[in-house]
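Sharing a structure below in structure tokens format, with a few things to ask.
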Amino acid sequence: MSYLSIQNLKKHFGEFTALQDISLDIKEGEFVCFLGPSGCGKTTLLRAIAGLDQQSEGSIHQAGRDISQLPPDQRDFGIVFQSYALFPNLTVADNIAYGLKNSSDAKVRQRDAITQRVDELLELIGLAGANHKYPSQLSGGQQQRVALARAIATKPGLLLLDEPLSALDARVRVHLRREIKELQRTLGITTIMVTHDQEEALTMADKIVVMNNGVIEQVGTPEEIYAAPASAFVASFVGTMNFLNSFVSDTNRVQVDETYLSCDACGDMEQDTQVSVAIRPEDIRVRFNGDATNTLRASVRGFEYLGAFARAELDVDGIHQPIVADFSMNDVRDHNICCGAQMHLDIPKHRLHVFREAS
Amino acid sequence: MTNKATFTKLALATLMSATALSAHAGSELTVYTALEAEDLKRYAAAFNKKHPDIKINWVRDSTGIVTAKLLAEKENPQADAVWGLAATSLLVLKGEQMLQPYKPAGVEKLSKKFYDQDATPSWVGMDAWMAAVCFNTVEAKKHNLPKPTSWEDLTKPVYQGHIVMPNPNSSGTGFLDVSSWLQMFGEENGWQYMDRLHNNIARYTHSGSKPCKLAAAGEAPIGISFAFRGAKLKKKGAPLDLVFPKEGLGWDMEASAIVKGTDNLDAAKKLMDFSISEEANRLYNKGYAVVAMPGIAKPVQYFPENAAELMIDNNFEWAASNRTEILKQWQTRYDSKSDPK
Amino acid sequence: MSSRSIAMNAVGGASRRFLHKDQWVQAAGLLIAAAFLLVAMVLPLYAILSKSVQNKAGDFVGLENFIAYASSPSLFDSVLNSLFIASLTTVIVITLALLAAYALTRSCMPFKGVIRLLMMGPIFAPSLLPAISLVYLFGNQGFLKSWLFGESIYGPIGIVISLSFWCFPHALMILITALSNTDARLYESAKALRTSGWRTFFTVTLPSIKYGLISASFVVFTLVITDFGAPKVIGGQYDVLATDIYKQVIGQQNFQMGAVVSVILLLPAMLAFAADRWVQKKQVALVTSRAQPYRAEPNRRKDVSMLALCLPIIAIVIGVLGTAVYASFVTFWPYNLSLSLNNYQFDLMDGGGWDAYFNSIEMAFYTALFGSFLIFTNAYLVEKVQGMRALRGLVHLFAMIPLAVPGLVLGLAYIFFFNAPNNPLNSLYGTMGILVICTIAHYYTVCHLTSITALKQIDKEFEAVSASLKVPFYQTFLRVTLPLCLPALLEVGIYLFVNAVNTVSAVVFLYSANTTLASVSILNMDDAGDIAPAAAMGVLLMLTCMGVKLLHWLLSRQLINNTQAWRKA
């Protein structure tokens, strides 16, 4: 039984279609990321769920209740924006207590109860004692944590995060990622986060919804999205991917330029189908003795250290399209990989993705 | 003043205006006027001596504003009566059927030209105000300007750029001047006269009293304006001589009327009766050399003794009916030209 | 199932938006706002402007009046002159006001409070004061006549100087609001990038106040186009469109032609409205809640040069206003320069004396009190409500109109509309109430723009957040929006007060025997040649406004201390 169920949602802004026929189910307690480039409709979808932008067609059910036509204040969610949207003239405590004071539950509204709840939340976000500070006295990361505390103060059933980390600098971002995820797990609150940052989505989400041009491209766990992208778009948007133009030559084989590659994924495809064969850089291996399937000769054209690993730009014999490969530092040392080096590669046939070319 | 005092007064003022609004209106007359503010008190006091039960609420402003206001209120007149507005304006109101004809007792005692000649007059005159040239003696000396004595003198080259006069499109006084020249000199000669005068004019102002004020302040040596304002400024210490051109003077009268539809017709009638009374005419004579009732006027300081004789035989009806044409002609001739200097 | 809800949507379309409480309240608020502006502005204007297609008898004559006006010889001159004067004044005023506003908000120059008060000076004084001063300074008898190199002050020069003087505070007010609300981080970034001061100004400052700058320009342009006071008093025979109205309405009582010129004068306002819409689309909120309020840092060279830039402006203000004060003591300019206090004995004087003075204060007080809350609330509804686009657009359009309406047209419009025997509101006619309504309407636009500018700079997600927290929008309006905009709101209040004290052109048609006003009495005293008493009453009004401004400053400082601690944090 899904907690949030979206059926055939459509949204038009005049001539422009922002969402076309979106259907999606989210389970209770799940952390879901809407991932996609800007303009893909992910924020529109979030705002439709919140009731901030009414959908043109379709329905939304939350916890079995049809909320499609409800205004935001009759839905059950907390929201955090990229801009934090903290009230600058209210203290941290007043910001967090903002919704509590209006609670329909008299117990929650009590002054002592509010104070207690605020302290509890401040503790939770690691800002105990900041009650009387104003937002402008806090750092960006601290402000965003306060915004988070404000959003969950009223214990909503659904937490909506609209690019909450984009405005922060890298280190704070990484730190806060972990904190938010941890908080979410502790509270068990169903959470939807909109982001254009695939790394953020991969590290935080239980489930990722990849969107493009107003449609859902793929829904899956981070592993699924990464390892088994459902479309060329997903493959290219999430992680780095080599794409090679090719066609199916016979069963389980594709031809790339003058080279034939064994490939598990094209088993059921007709011969001569135009396809795009894709391989992640880290899936390309330095050839070693064993079950090598596609062994190729290559020379290293460009080379850059990236700390834990190195990325090499390769010219492969018999393939006229550039290929990028990642090698661990151990490999680099063991095989003496450097600019101009000649080497043998292995492209594992079970790691090759195949996407039909759009005709 | 302390702010506390301000607020106390503010509170008082609020209260006072509130009570004033709720006061009974039966014994009150709302009277529109363009008279001098200082005269209003004297006139009202004299009237109240006779009719202590009738309170006059003055609404005073310049002739143009009061006339515009009266016309704009046509659908639902607020004024009960008018006491002291140019006859030219009252003619317009009469044409709009806005005046209540009434024949005040003893109106025959006034000079004929000073009241409406209908069987029941719609308006009755009070006094005449006439054109005059304000001549600043100090500035004239600086510029070696002889004192003019006639309208014709003003066209002499020596005065080039030294004369200011009101624009007849903006000012009743300006129109008075233009219409009087056309009546005195005949249409053709009148326009020719203005062509020559135009060469000497420094600029045309939007208000009738302004040329005299400019002359009084030395901003221009010569201002074509009206006598009353000149006399007043001279009294205040302006180095002015009032020149009454010998060809004759354009003039208009101040007049009174009842506004049609008033709820206080009786009180308004009493006001009309008073406004033509001998006593009232003596009051008018304080500032005006020529009043409606013959034989009353005594000479007024700075006015010529023969003021009444200098006044041309002004045909108000003619002026009113030709006004649009005259103004258009004037505008075409003088307004569209760039600075004449 | 989904098909059912789709069907519901299709049917429910517009009406579903009105289903919940907040939106009911908002819609009601917007309708009230629209109704107010309809009654206070649109219907009265219709009452007079409809005369532009009628003859004197009230019959419809199509465009006949327009054709007649177009054929009048002075039209072309008037249009060109008006455009010339308005453009020149706008350039001068915006340049100076931008400099001054920049110095006041972005530097640490000393005496800021005093400088700001002085710079607002022109707005505290009735418009006749600078006119008198200019004559005393640059007239044929003036102290500084030689500065004009033989040119006459009576003409375009006089108009441009006096209108620049008068419009300067209007532009300053809008630009200060715009400049006070920029994100300090942008400046920190610029500094970090070692951007030069000038480049920062052009790449950060100017773009961030674009909206304020364009608003201010249109305000000044339209104020100049519609003002007839300065051209009438000091313009000599330099014809502009606004004096054409004066000639028609006051000179000849020709309301039809007056209406024709008024219609023509509405064009720039329509243009301003279109431009405003266009700019608005591009404007984004600059003060998000994570923005750091900008605080100027002391920088000796910058501060000193800013002060040096401000000094000439202040010198002009002091010079002009000081001359007016001097004028109020002179016995008879220019022939008897002995000083006298007699001119201040108002009860011995024409024009209503102290009664008129207290009427003016009362009127101004109500105008400021009701006007600022009304206008700000309406601006909030226009800016922050979701949906109801058409209604919001309508209110905004209505709010832009008053700027383009010359005061005397508005005054007459009020007579035609409110005094109509069949108008249920006609009991308002002749009361203090109508003066207050008229004055709020007359000065609506600048206040509306100031409020909008302030509101635009607030994070647009506040409403969404409070909805998610189930807090009604009006609570957030009262607890967050209003306090955040308090400085702007107070500015609006004081602006309304001083304008109400000094306004003449519209109320001159509307006061009654019980509600004579000091500003009108000034005009009448001047008309009677009593220049010194007129100046004296003008000085009194100016001092009152400054006093109230000071009082308002003292009172609001406490208020701001309590509510704006976050700014200093």
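When the chains are written out, they are named A, B and C in that same order, and each has its own residue count from 1.
Please note the rule applied: a residue touches a chain if its C-beta (ideal position, glycine included) is under 8 Å from a C-beta of that chain, and two chains touch if they have at least 3 such contacts.
Computed from a predicted model, the values in this text were never measured in an experiment.
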Next item on the list: Counting only chain pairs that touch, give me the topology of the graph as line, ring, star, complete or other.
Entry: line
Checklist line | Pair of chains joined by more contacts [C-beta pairs], B-C or A-C | finding: B-C
Next item on the list: Let me have the rounded angstrom distance from the C-alpha centre of chain A over to the C-alpha centre of chain B, please.
Entry: 85
Checklist line | Chain centre separation (chain A, chain C; CA means) in Å | finding: 51
Notebook entry, point to check: What is the distance in Å between the mean C-alpha positions of chain B and chain C?
Noted result: 35
Item checked: Sequence positions of chain B contacting 2 or more other chains -> none
Next item on the list: Write out the stretch or stretches of chain C touching chain A in their complex.
Entry: 1-2, 5-6, 8-10, 12, 16-17, 19-20, 22-23, 288-290, 292-293, 386, 459, 461-462, 464-472, 475, 479-480, 483-484, 563-566, 569
Next item on the list: Spell out the residues on chain A that touch chain C in their complex, using ranges where they run on.
Entry: 7-8, 50-52, 54-59, 66, 68-75, 77-79, 81, 83-90, 98-99, 101-104, 133-137, 140, 143, 150-151, 153-154, 156, 160, 167
Margin query: For a test of understanding, state which residues of chain C touch chain B in their complex under the given definition.
Written below: 72-74, 77, 135, 139-141, 154-155, 232, 236-237, 239, 243, 246-247, 249-253, 255, 331-336, 350-351, 358-359, 361-362, 365, 412, 415-416, 419-421, 426, 429-432, 508-509, 511-515, 520, 524, 527-529, 531, 544, 547, 551
Check: Of all residues in chain B, which touch chain C in the complex?
Finding: 3, 6, 9-10, 12-14, 17, 20-21, 30, 36-38, 57-62, 64-65, 67-69, 71-73, 75-76, 78, 92, 138-139, 167-172, 203-207, 209, 212-213, 216-220, 229, 232-233, 236-239, 323, 327-328, 331-332, 335-336, 338-339
